[in-house]
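In this document, chain identifiers A, B, C and D correspond to the written order of the chains, with residue numbering beginning at 1 in each.
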Amino acid sequence: MTRSLTLSAAAAFVLLALGALVLPDWAMFLFAMALAKGLVCLGIVGMMRGGLVSFGQGLYYCLGAYTATLVANTFGVSDIFLLTVLSTGVCLAVGLAFGPLLASYRGIFFAMLSLALSMVLYGSLSKMSFIGGTDGLNIAAPTFLGWAPEGRALQTALYLYVAVMVVIAGTLMRIYFDSEQGLIALAARDNELRVEYLGASVRNVNTYSYVFGAVLGGIGGTIAVLALGHVDPEFAFWTTSGEFVFVAILAGYLSVPSVFVAAIILEMVRSFSNLYFPNTWQLALGIFLLIVIVVLPDGLGSLVRRRKGDAT
Amino acid sequence: MDLVATILVDGLIYAGWLFIVSVGLTLVFGVLNILNIAHGSLYAIGAYASATLVGIYFANGGDAIPWGSYAALILAAVLVALVVGPILERGLLRFFYGRDEVLNVLVTYAVFLILEDVMKLIWGVNPYFVYEPYTLLGDVEIGPLFYVGYDFAVIAAAIIVGLGVWLTLNRTRMGKVVLAVIHDSEMSQTMGVNVPRIYLGAFMAGTFLAALGGALTAPMISVTPGLGVNVIIVAFAVVIIGGLGSVPGAAIGALMVGISRAASVHLLPEAELFIIYFVMAVVLMFRPEGLFAKTQARKI
Amino acid sequence: MTATVLDVRDVQKTFGAVTAAQDISVAVPEGAVYSLIGTNGAGKTTFVNMVTGYIKPDAGTINFGGRDIAGMAPRQITRMGIHRSFQIAQLCNELTVEENMLVAGAIHGNHRPSFLRNGHNAEARDRALATLERFNIAEHRNRLIPELSGGVKKLLDIAMAMAGKTSIMMLDEPTSGVAADEKFPIMDLVIGALRSEGVTVIFVEHDMDIVTRYSERVLAFYDGRIIADDTPDEVLSDADVRRYVTGAAA
Amino acid sequence: MTTKTKIGGAFAALTLAAGLATPAAAQDDTFKIGVITFLSGQAAESFGVPALNGGKVLIDMLNQGGQLPAPYTQKGFGGMTIEVVEVDEAGGATKQVQEFRNLVQREEVDAVVGYVSSGNCLAIAPVADELKAFTILYDCGTPRVFETGSFDYVFRTAAHATMDNVSLARYLKARDFPVESFAGLNQDYAWGQDSWADFKGSMAQIYPDAEEKTALFPKFGAGQYGTEISALLRERASLVHSSNWGGDLQGFLLQATARGLHERSQLVLAAGDHVIPQLQDKMPDGIFLGARGVNGLAAKARGGELAELTDTLWNAYEAEYEAFPVQAPFRMWQALLGLKTAVEKAMAENGGKKPNDEELAAAMEGLAWDAPSGRIEMALAGGHQAIQPNAIGTTKWNEAEGRMELVDVEYFAARCVNPPEGTTSQEWLAAGFPGAQCD
């Protein structure tokens, strides 16, 4: 890990942590949710670097959230670290099972198959009335290694937890993006035939980024459900996944921090448009989306980082 | 034995509807290479437009010739194609040709969000009803069951649409040009085909078919906000099963989904929700690009 | 007498009604330089594609390294040592020249590609630079692919294919899309580099001057069959070849 | 590093924007309520918009003062003007939790009244308690809100959905309707699944010999019911139960009646009244239906002591929106009138100040008040869950006046069709309605 990356990670954490001091309550919650969703989107960005876009990341977001909730409600586990590890483990296993299957598909077929998978989870959960069906389940507030904060302290602790996760995941993903494997993924996005004829398996490349996406989705889902206190099958619905894709496109695949900035922007736009245009918020959101796609075709990241050999 | 017949009839009726709503989607994808999420919104707009038009028809003495309401239904779809099609294609989509497929999905997702609210601004949230055309064709008794004649009219409409699209593509000069564009738009452009005009035409045709689906459905439902959302996913599945860009594929896909769904409702209602994904997964497992995918042999 | 490195026997391939390969049999000795000639559609590229795994033959065997590689995936065949270049250079357009080379280096390096080690690490960059220098294209290292001339693209394509340990190199029209005055310098460079490492070379070519100058042996294709397999002089004076391939007056 | 600095700058700017966007807190002479209901999507037409419209009519009258009969003569809430912040309920529970926090922490509303969707109610309740924000759930049906949790600041002013199906079964018995078998078609989500389970449970008690036939759950918003109707026609059950609502119910009724399903089987609809204004004579005669309370036509037909209150609001609504009020406005009215009663009770106790969340919650607990839908009593879940009377009737088209009427209406006392305190609705059904007080 280079010094500049360490410094960037430290700076990012300090900046995020400052948010805990200055943000009003509602905004701290909004930021925590946005960062949790940003983790899911970071997984999509990882796949985008290899040329794939999953329209079904809701699968892992939902799976992580349900695993945490069921474990918490069945076994009385409330420790956020343990819950994160457990649900991430489940997502990892599922990701490993589906990854190799989906990795043979490209473009729109990959997008639609991943979407179908998450819709199957959505349908299955909707049918399971013993775990709440479409109404979903509640989960109690988490504890932090035995400490059970309440009110503002709880929100702050959750916010800092997600901030730490964001910095760790962001740093690891940056290392991966810059690694030899990351370079091969970029090449696969660009020219799959070339990569195959160099002797690397594009399918493996795609499987790796899919599995990383699954893990990130699980972490994001776990934190989101702990912050929200409630999960329902909607977590796996296609519109949820569509939003993740939107954030990923808004951010672009060049810069990691821009993923989280994009996630926060989307949450703010949605929150304010919902309040100020309660009858036309979808219209406002759609126009915002179009403007972003037209003005920033390579995403926010392209403002700060150009895809050239000298980008460090 | 009559159970099998019932399943087939129910399946055919559903398949007819599925085909009409998905054939436009596959056509637009084939030509423009855009998987149009807003297809569902166009369906809903078609439903609203026909509800409005048929309403106007009966409010102005249409009762004398109730059959005219069918013309009003179709006219509504034509109007939607003439108005909304060019606005979307010329005003927006043409700026995205050749861009990443998935990015284009997102563009149409934005259009979908916008149209949802635009419809609400135009038609409000109260439902529209135009049940007159639904009951006009009387009942059909098949075995122990009654069907509405209109259901069979939908099947007939699906067949006419299918034949119409197929004949246009394969038996007219224009259609052959469109097929050439589906096959390789760059090549066609160098060969002097007016590709922008083909794109506009194809998108308007796709819009017409989506709106026609909505217009034909309107008499049997209440036309309310949120109508388009559910159509998108099933139409996607049918098109993916059949192979993106393939008209016969959409027909076969619609039949497969329609009949398996009917079988499921009669025999195993719990599985109905999953049946469409099941069919899709099975097809893609054996044919990763769908049943009738356009071949993508690449010269190296 | 050197050992046979590639032994193709009775290979058949049809695409619908078109016969792309019919009873193709050829044995290539180690270290030889072969060229493939024939009109478009005669079956040259199909031959290259079958040997490198892009197309699976309908019948027949392709023996290499003690195994029948017919129908194996390109990736596996590449790992066994048969590398190839392409008629249209297959490069990563969004990456720089150096990064293209780094990708090749990362895949062909001494260790499996790492998730941690930076793709731009100093050692890899040195190696990439060395290869680029060898092919005289180091000056372009920071440019993106679409900015390059046809000749540079071809050289980079071949340089990437050579990054790993190569036993057989198949060059599909190495000089197509290259300016006339660049053709010979490029071929000198490429064939020189390959020969110095003892690599067996099979190249597809339309330019008979290049065929006679660089290859030891020529396979002439017509209608999916090999109609001549001999030294360049013999093949080019063959009546059938003159009639069907080179088009020179009989 | 410049990358980081720029992104950092963007982040800082967002943080600042979030910090600055703090609106003015409500003043002491206004009472600010956040009203959350469906303004888009399917439920907008059936529930959200009629409820909001009903709420507007009532709030306008309250803010003018003196428009309603006693005890609702005082202006606004205890003299304070009522101010409304509307939020669309569409978009899922995640979004609603976020919007709820924004309403409470950013908009600083004094009370929240909202939620049609049971999923949203379940998600909001713990958050309301965490934020100590007084919240009224005005519409959602699931009994699970208070059966699986207890909340200090959350109140539901409408009876939960168990009542709807118990009443249907009791109605069949009261009318001596013979039931050999029954089938169902319900929407495939918690509402439809729970409703079918409740109906089945009630039938098992009241018609133990009736055979249960196919239970179909078409997707929410399916639109096409052809295949399902074929299956139901083949079943020839005595009854077909449906708790569908909105477009799903309208579509089902149009398609089912065209194929004569209502002639082969008796249709019973748990919540069917709200489609009458749209369907008019397309709604066939002789259908048994409820309105999730003595709402809409059943309230109008009841008359009695509450007739003045009911008619005042009914006429105002009809004048404003050219349609008669169905169940949704009635539930909004009972919520707002309950809130008014609680605010004024709390002010009587704290010396006339604007009550805070604790004082409101204390005042609301166990409260009882009159609404157009009857007497509402916060009798369950330690005074947090309302019970209310219910009514089931039979449709009959009045050709002469061109309007739908409800005939053969049976009214059920609140304690006849709701479980007593301390019993969950599932236990109560399974045990055969112990403690039910029917006259």
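The working rule: a contact is a pair of C-beta atoms (placed from the backbone, for glycine too) under 8 Å apart; a residue touches a chain by one contact, two chains touch by 3 or more.
Remember, it's a predicted structure, so these values are computed and weren't measured experimentally.
Peer 1: Starting from the defined contact criterion, work out which chains touch chain B and chain D both, please.
Peer 2: Touches both chain B and chain D: A.
Peer 1: Hey, how far apart are chain A and chain B in touch steps, shortest way?
Peer 2: 1
Peer 1: Hey, which chain is the most central one here, using CA centres?
Peer 2: Taking the mean of all protein C-alpha atoms as reference, the closest chain is A.
Peer 1: Can you identify which chains form the pair with the largest number of contacting C-beta pairs?
Peer 2: A-D
Peer 1: Compute the distance, rounded to whole Å, between the mean C-alpha positions of chain A and chain C.
Peer 2: 43
Peer 1: Could you state the distance in Å from the CA-based centre of chain A to that of chain D?
Peer 2: 35
Peer 1: Can you work out the whole-Å distance between the CA centroids of chain B and chain C?
Peer 2: Going by mean C-alpha positions, chain B sits 48 Å from chain C.
Peer 1: Can you work out the whole-Å distance between the CA centroids of chain C and chain D?
Peer 2: Chain centres of chain C and chain D, defined by C-alpha means, are spaced 74 Å apart.
Peer 1: Show the residues in chain B shared as contacts by 2 or more other chains, in ascending order.
Peer 2: 116-117, 120, 270, 273, 300
Peer 1: Could you list the positions in chain C whose residues touch two or more of the other chains?
Peer 2: Counting only residues that touch two or more other chains, chain C contributes 86, 90.
Peer 1: If you look at chain D, which of its residues touch at least two other chains?
Peer 2: If we look for residues of chain D contacting two or more partner chains, we find 39-40, 188.
Peer 1: Which residues of chain A touch chain B once you look at their complex with the stated criterion?
Peer 2: 53, 55, 104-105, 107-109, 111-113, 116, 119-120, 123-124, 126-127, 193, 238, 242, 245-246, 249, 279-283, 285-287, 289-290, 293-294, 297
Peer 1: Where on chain B is chain A touching in the complex?
Peer 2: These residues of chain B touch chain A: 35, 92, 95, 99, 101-103, 105-107, 109-114, 116-118, 120-121, 233, 236-237, 240, 244, 270, 273-274, 277, 280-281, 284, 288-289, 298, 300.
Peer 1: In the complex formed with chain A, which residues of chain C make contact?
Peer 2: 52, 73-75, 78-79, 83-84, 86, 90-96, 98-100, 102-104, 106-109, 113-120, 124, 141-142, 144, 160-161, 163-164
Peer 1: Taking the touch rule as given, give the residues of chain A at its contact with chain D in the complex, in rising order.
Peer 2: By the definition above, chain A touches chain D via 4, 7-8, 11-12, 15-16, 18-19, 22-27, 29-31, 33, 126-127, 129, 132-138, 140-141, 150-151, 154, 224, 228-230, 232, 234-235, 237, 239-240, 255, 257-258, 260-261, 264-265, 267-268, 270-272, 274-275, 278-279, 281-282, 300, 303-305.
Peer 1: Quick check on the complex: what are the chain D residues that touch chain B?
Peer 2: Contacts found on chain D: 39-42, 44-45, 48-49, 188, 214-224, 226-228, 230-231, 233-234, 246-247, 250-251, 254-255, 258-260, 275, 278-279, 282.
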